[in-house]
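Can you keep this structure in mind? I'll have questions shortly.
Naming follows writing order (A, B, C, D, E, F, G, H, I, J, K and L), and every chain is counted from residue 1.
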């Protein structure tokens, strides 16, 4: 990959699935971070309401290239 | 969150996806446990049959409020 | 389960979801490995392109029975 | 210690400190569980409100002797 | 394995060996839990008396099927 | 919790206790970060001077909501 | 130890003990692998039947020298 | 920090709090160890008596400089 | 347990079993250490010779009371 | 150390060694971050090209003092 | 990265440094494995002889693409 | 390896590299410990001064044979 990268941790939430929560987290991060290159799943949790899963929460570490 | 909570570990299974297995685990737990508030994914495994995934298995830790 | 098993690590990739990446990894492994019995998710990562998730990558440990 | 023990996971909360949250968790568990013998701290988290810590949350695993 | 499972943590003790402590833990659990299917070793400790091992203690997580 | 969150790691220090170090870390972070929601204790260390504890150091991961 | 080594993961099973399961795993591996030098215990699990341990399962990582 | 350091593990106990248990462990270690520089919390447990916490136990790793 | 404890790490070896290796480690430690109270298994490895297990190696952390 | 610190995660790359990759990561971070005090190695990976290591990649967590 | 990858674990040894041990492990693996793409450091150990380091040992997990 | 071994934790520091820090730690330990046989890297950290790495710090666990 060469170059210097920074990693940040973002939590995405979705009522549907873990994959969806990851997509939302990355999409949101793209508003302020450029040159994102990869993500690593750090934690998978969720909320329960009235006896059913109401939300999937995924913490991802996102790596992006620092502009030299 | 305030109050006292208990955590139990439940394993849900689904032929479709990890998210589905979590939903099934929580739904089943709701039959005997009230006031469930959140879940944490602890382990993701699965069964293989005839060279293909036949089942997704997810262990979730479920937190629920103890009624004072 | 009785008998002796071996575990190998395979990484599957999918543009859609983690579950799909697992299915692809197992399907591919089935071309050269027989008697596969279970898998364990070891790592979940992915690639990002143009500010959006372009690929889900899942490392699975696959257990299969050694033929005595 | 000899004998058979069971472990359960309880989350205590306190506005003051981690030690206080542990005490509250054990005190509450004592209402329904007898012969408790030890606890292990599993996780320490908390809530933030208006830029200040509003609650300490400690997950403890409590071991208690099963009555033969 | 299909179906829903619950996991509980039990500590067995034995003056002889770790395997014996596991057997005792499972045997004791069978008095109140039905449909037990597998166990996972979580921790291995023990007591020392007069400069010699006096007791092996094994914490096992036991998985059992919930009756639908 | 719904929405997107970011996590940052801050180290607080206190001559008194771990809880105090957490409070100081959060208080300081509040000067530049808004919408903080929860913290997770990551590491607990400290300094020793003249044979006595001179400082408690706690690393906390703080989660805060990103303003859409 | 000097030289280059490879590690493989094998699961041995035994109705008697963990040590026995390790011996069986290594013995079986010796049929196809030469120059085995050491093993590391990675996981200890087992099966339960009719309320009693029916099988000990040990995953070992086996290191063996690659023939230059 | 420069120089060579050694780390030892000490368990301190206190009826009051985790911070107090750490202070006691360090204070006691200071009777035989010189040039102690820092500590790392490794484990937090405790004893329960009559349904209430009777003792906080903290294992700390203490680093001290070796006198050249 | 009250009082101050120290932990040391010892590796015991046995041609027979893990339990035997633990017993040997504790027995040997008793020659120079007094007031030993408990042990924790940290690592289980072993040597292989001529395609068979030749030695079980267990690393145990031993806790003993410091004489005030 | 007293005061409040923040930790960030940076990945440095070098064709030569892990130490070199760390130096480059820190050097680069110094362009935008002041008062850096220490680093912790979190992960060591690398790229392979044409059957040989082409790049060492080290993820370091860098701690720096927040200016009060 | 797209496609399916397999991971193997190799231990390289060098009298000089960890980086050198990694290079040797990869170089040796290249004799029998094609399409190697990345490595992950899993463990760093070494041998001591006559009071000095005589060998650095690094376990690396190597990922390589499976030829479809 | 047969026999009984003890493990101690030592931190070595070097302005040059991690490998150098390990060598220095072992060399220093050799002044008071005999029959050292192997080391395991436990932690890799370092100090930063004026925006550049000023010191590599490696914690190694050193195993040495107890003289029977």
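The working rule: a residue touches a chain if its C-beta (ideal position, glycine included) is under 8 Å from a C-beta of that chain, and two chains touch if they have at least 3 such contacts.
Since the structure is predicted, the reported quantities are computational estimates derived from the model, not experimental observations.
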>> Quick check on the contact network: minimum steps from chain F to chain J?
In response: 1
> Common contacts of chain C and chain D?
Replying inline: B
> What whole-Å value do you get for the distance between chain E and chain G if each is reduced to the mean of its CA atoms?
Replying inline: 22
> CA centre of chain D versus CA centre of chain G: separation in Å?
Replying inline: 38
> Distance from the CA centroid of chain G to that of chain L, rounded to the nearest Å?
Replying inline: 30
> In chain J, what residues contact two or more other chains?
Replying inline: 8, 17-19, 29, 47
>> Run through the chains and report each pair that touches.
In response: A-B, A-C, A-F, A-J, B-C, B-D, B-E, C-G, C-K, D-E, D-F, D-H, E-G, E-I, F-H, F-J, G-I, G-K, H-I, H-L, I-L, J-K, J-L, K-L
> Quick one: in the complex, what on chain G touches chain E?
Replying inline: 16-19, 43-48, 51-53, 56
> Once bound in the complex, which stretches of chain C touch chain K?
Replying inline: 8-13, 24-25, 28-29, 47, 55, 57, 59
> Which bits of chain F are touching chain D when the two form their complex?
Replying inline: 17-19, 22-23, 26-27, 29-30, 34, 36-41, 62
> In their complex, what parts of chain A are in touch with chain J?
Replying inline: 1-8, 61, 63, 66, 68
